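Please find the structures below.
In what comes next, subunit A is part of two complexes: it sits with subunit B in the first one and with subunit C in the second one.
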Partner chain A sequence: MMPDSTGTIYDIGYRGYDGPRLGRRGAIGAIVSAGLRAVFGLGRSGRSKILPWGAVVLAVLPAGVAVAIRVLAGDLIDLYSYDNYLWGIGALMPIFIAAQAPELVVNDMRHRVLPLYFSRPISRLEYVAAKLAAMSLALLALTLLPVLLLFFGRVLAAEDALAAVGDEIGALPAIIGSGVLHAVVLASIGLAICSVAGRRAYAAGAVLAVFLVGGVMGGTFGSQGGGLEAIAPFVNPLAILDGAREWLFGGSVMESPVGAAGVPMYLYGLAVAVLIAVSWAVLAMRYRSVAT
Partner chain B sequence: MPLITTRALTKRYAGNVTALDGLTVEIGEGVIGLVGANGAGKSTLIKILLGLLPATEGEARVLDLDAATQGSAIRELVGYMPEHDCLPPDVSATEFVSHMGRVSGLPAGAARERTADVLRHVGLYEERYRPIGGYSTGMKQRVKLAQALVHDPRLLLLDEPTNGLDPAGRDEMLALIERIGRDFGITVIIASHLLGEIERVATWLVAIDAGRLLRTAQLTDFTERTGQLLVETDEDATPLAQRLGERGIEAHADGRNMVVDIASAGDGEFTVYDAVRDESVALSLALIRIEHRRHQLEDLFRDA
Partner chain C sequence: MTAALLSLTLRGLLNRRRTLLLGLIGALILLVAVIYRLSGPAEAEASTFTGRLLADFGLGVLLPLVAVIVGTAAIGSELDDGTILYLLAKPIPRMLIVAIKLLVAAGVVTVLVALPILLAGIIGTGGSASLGLAYAVAAAFGALEYTAVFLALSLVTSRALVIGLAYVVVWEGVVAGLFAGTRIFSVRQHALAVGDALAGDGAVTAELAAGSALLIGFAVTLLAFGLAVRRLERVELRGDSN
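Coming up: the complex of A and B.
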């Protein structure tokens, strides 16, 4: 039964609010945490948890296997190193972004929720930055968490854990740096693509297309020879990231087209800068054009 | 201390479209009706007040804050309900309103508590846990109002709040707005092109036209008696008006309606009543209605 709009239940009296107001910092924190919940399907149906959590499990699995092998068989084989891990699970990243990044930006745009955000303490750029932060943090579950697990697994599986810490600790800055680099760049590309797509399905398709086409073209160029292998890494965002990782932290990956390209490594740093600049420019322009 | 002050506020869009043209107005507490035809500059004014749109010239202050430079501080204390649809379909009203409360700066716990309170005030009960996509237009309007109220604003800006509602929904929304202004002590500005709605709930009226201030007035003054008597008869009232004129009473007939100037009789309103009665008896006219004519908001625009 619908109570009468002027019924007694209305007359509870209005209570004001005198507590603290957290302003734009609180607003940004709220958007980041709501974004993380959305990406991982928290507070949503079981179905929307399958993909993000499935991807995280698949990303972590090789680390678990590698550690298990190390425990059982010792140092005989090393399937995964800190250097090649992200390249090895690279295929998961476009899938994760395609499925979850539209969740963050498409609905607010399509259902015109943005004017409600903009009528609150934050600015447009702060809104975009909060969404970027949410997506980057979420991506760390793929780009940092598994490699950290590998790190701790190797330390704990060693006979002398304390000595192992000494051996492995040097790799930690590269692990963290590379994880953050991948997360931020992939989040920027993903959100930029989604922000110009009108619907979730288009956004997902566009993200997959960019990475798939990049991957296939990169593979083809790489096997063509005749100079094409030099540009092969630059049509694939994941290869650019691998090159930038190698440029910053060292350690080449056999399977990646970076080795065969033979171009100066700083070019990868430059390419990453271009990727970020273009993505952020697209985001800034897209959100500036939204009517209030 | 007025809540809103604008001084020579002008907004020109690219392509030389002038939305606001030197608007100077002071708005105090109460329920304020911001009336104007579509395109009169209501929405532009609201966006400037929220600090979302820079003015071309002039100044606007809201809650003693400068809209051009302190927009963020203003938006922390102001609630805004846009005219258009603005709700995501796949989350529940509870989840959405509480999220918007946090985006307004409330801590998580306070946002949850106030969401429960505010949704009850706007009249959403069990359905608040269901996804918004399945709501009726009336329920969606209530959610839109709730998200504007959740952070206990000092000022509420409502852009065409009854848009798309059926007559019953319209009445409920207006009753709610009146309650917010009167019982919650929150100043409400309703932008509307419907005078009838403003007349029902507003205590003050700000009328703008083509970006200029047309009139600002307290509505109680305004709907007071006009000193005119409205008479409706069952046949043409022209002969009646003529006979009253012969008695020195100013009367104008318009079909079966007649407007009589009470003051023109000189010796009190009862003389006028008697004269109307006697002359209609003499003419065998049946009187259908006699009443004091009150100002209506339309008069504002007629005089201007």
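Coming up: the complex of A and C.
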């Protein structure tokens, strides 16, 4: 026999969700946009905005100066062409990646929230691809935005803007192509390095170490005759990228070790392919082994 | 007590993964020297090339990277995981703790940096030890100054590694390259000046006179040491230790 029931069941308003379900595409889009916000420190304190926005400003500054000189002095001197711009601001890219790429991958792993992501209808590879997309898009602010600014500046500074569009439009595919190439490759390298580091500070250190060591090793090799300058570009990721850019779109950069190396240009394309393949393999393997 | 403190610090600093990674960067400079030797260089250029290698790579990259990681970990890692408490609870003067930690950390950095530099110097020049020795001594001097600065930094902020890296890359790499006046406050330039003076007609001409570099270097070291002692005397435990 049941005892008399004295309790009351209150309706506290739980209900099912019958709104639109965004599915995998929505989940991936959410990771990308959250990643972009994290990289640029949107929705965070001012302190975490200093580095990314400072880097973007510093990257755009030379284009602004070049355009201003062009407006004031005509085309007497060309500080930057479309070809050498990315090489010129190359020092900023490792700093930007070292500061912001760990934001994207390290915290999720360190705080063990990955199982929450993977309990949603996205696969591990889709998670990695979304993070890669976010970092690549963010890097476009350094690799594409300033050169586009230079492009528009040159068009608008000309006496006859319409004719200038005709003159300059041929450079546009190369601008966009090399910007995207730099962004994707650098994002892949950066995230691959960060994904194997346990803490944000170590990840930043590892990224800087790779680019510093590569840059200095390339410089040391390149300074010397006797066959060593042929391998100089291949120890520095930025020089490999510059070589690949020249292979695809032409236009050599005086300061880069690519010119002195004198090796067939397709080797740079090959090297970029190897870089991407290794980075993606590291990422895939790293996320396959994450415990859920 | 001192011996215990010594071995404690040494064991904390030489955990396997970190030492292996740092040793790997050191091995790279040897690799470059070996590749250079194998390429059959002209003997006249060998000392120029090796000098550049030791100055740019050894003092410019290897030394600051190793020093920032080891220097910030010497006390910083004990602060982070809270075990500094057991050390501070003992009746040891804080100054002694800092002094021992600093000496051990600087020693570790020196071994990890000066040894590869010395070997790379011998290999690169094809058997002469004088160039490698000059830059190895410079590296030892730089190691002490860098380590003192980064150790003090780790007691000032919990983000010492990131700030230290930013100092190395942004200040010493970019700013000191553009604005010559800031070079007196660059540890790398201090070490370069010492190495240049010892190497004689070295490949790399330092921007500073060796005397003033030594003077400023030791002053900075002492200042950083004093700051570290002062911070450790008033330390507040932080992090998720409880």
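Basically, the second predicted complex is superposed on the first by the 280 of 292 C-alpha atoms of A that agree within 3 Å, B and C clash if a C-alpha of one lies under 4 Å from a C-alpha of the other, contacts with A are read in each partner's own complex, and residues count from 1 in each chain.
Keep this in mind: a contact is a pair of C-beta atoms (placed from the backbone, for glycine too) under 8 Å apart; a residue touches a chain by one contact, two chains touch by 3 or more.
The model shown is predicted, which means the values in this text are computed figures rather than measured ones.
Asks: Using the overlay on subunit A, decide if subunit B and subunit C clash or can fit next to each other.
Replies: fit
Asks: Where does A:A34 make contact in the superposed view: on subunit B (first), on subunit C (second), on both, or on neither?
Replies: A:A34 sits against subunit B, while subunit C stays out of touch.
Asks: In the superposed arrangement, does A:G23 touch subunit B (first), subunit C (second), both or neither?
Replies: first
Asks: Which partner does A:S123 contact after superposing on A: first (subunit B), second (subunit C), both, neither?
Replies: Touch status of A:S123: first partner only.
Asks: Considering only touches as defined above, state whether A:L162 meets subunit B (first), subunit C (second), both or neither.
Replies: After superposition on chain A, A:L162 lies in contact with neither partner.
Asks: Is A:M254 touching the first partner subunit B, the second partner subunit C, both, or neither of them?
Replies: A:M254 contacts neither subunit B nor subunit C.
Asks: Give me the angle at the C-alpha centre of subunit A between the C-alpha centres of subunit B and subunit C, rounded to the nearest 10 degrees.
Replies: 90
Asks: On subunit A, which partner's contacts cover more residues, subunit B's or subunit C's?
Replies: After superposition, B is the partner touching more of subunit A.
Asks: Thinking of the overlay built on chain A, is A:G43 touched by subunit B (first), by subunit C (second), by both, or by neither?
Replies: First partner only.
Asks: A:N107 in the overlay: touching subunit B, subunit C, both, or neither? Say first, second, both or neither.
Replies: first
Asks: Tell me the contact category for A:A73 with respect to subunit B and subunit C: first, second, both or neither.
Replies: neither
Asks: Subunit B and subunit C, closest CA-CA distance after overlay, in Å?
Replies: The answer for the closest subunit B-subunit C C-alpha pair is 9 Å.
Asks: Both subunit B and subunit C touch subunit A; at which residues?
Replies: After superposing on chain A, no subunit A residue contacts both subunit B and subunit C.
Asks: Going by the contact rule set out above, which residues of subunit A touch subunit B in the complex?
Replies: The contact residues of subunit A facing subunit B are 3, 5-6, 9-10, 12-17, 19-24, 26-27, 29-31, 34, 43, 107-108, 111-113, 115-123, 292.
Asks: Under the touch definition given earlier, write down the residues of subunit A that touch subunit C in their complex.
Replies: Spelled out, the residues of subunit A in touch with subunit C are 91, 94-95, 98, 200-202, 204-205, 208-209, 212-213, 216-217, 219-221, 223-228, 231.
Asks: Enumerate the contact residues on subunit C facing subunit A in the complex.
Replies: Subunit C reaches subunit A through residues 25, 28, 32, 35-36, 39-42, 45, 49, 52-53, 56-57, 60-61, 65, 68-69, 159, 161-162, 165, 169-170, 173-174.
Asks: Which residues, counting only subunit B, touch subunit A once they are in their complex?
Replies: By the definition above, subunit B touches subunit A via 47, 50, 52-53, 72-73, 75-76, 78, 80, 82, 84-90, 95, 99-100, 102-108, 110, 114, 117, 120-121, 123, 125, 147, 151-152, 172, 175-176, 179, 183-185.
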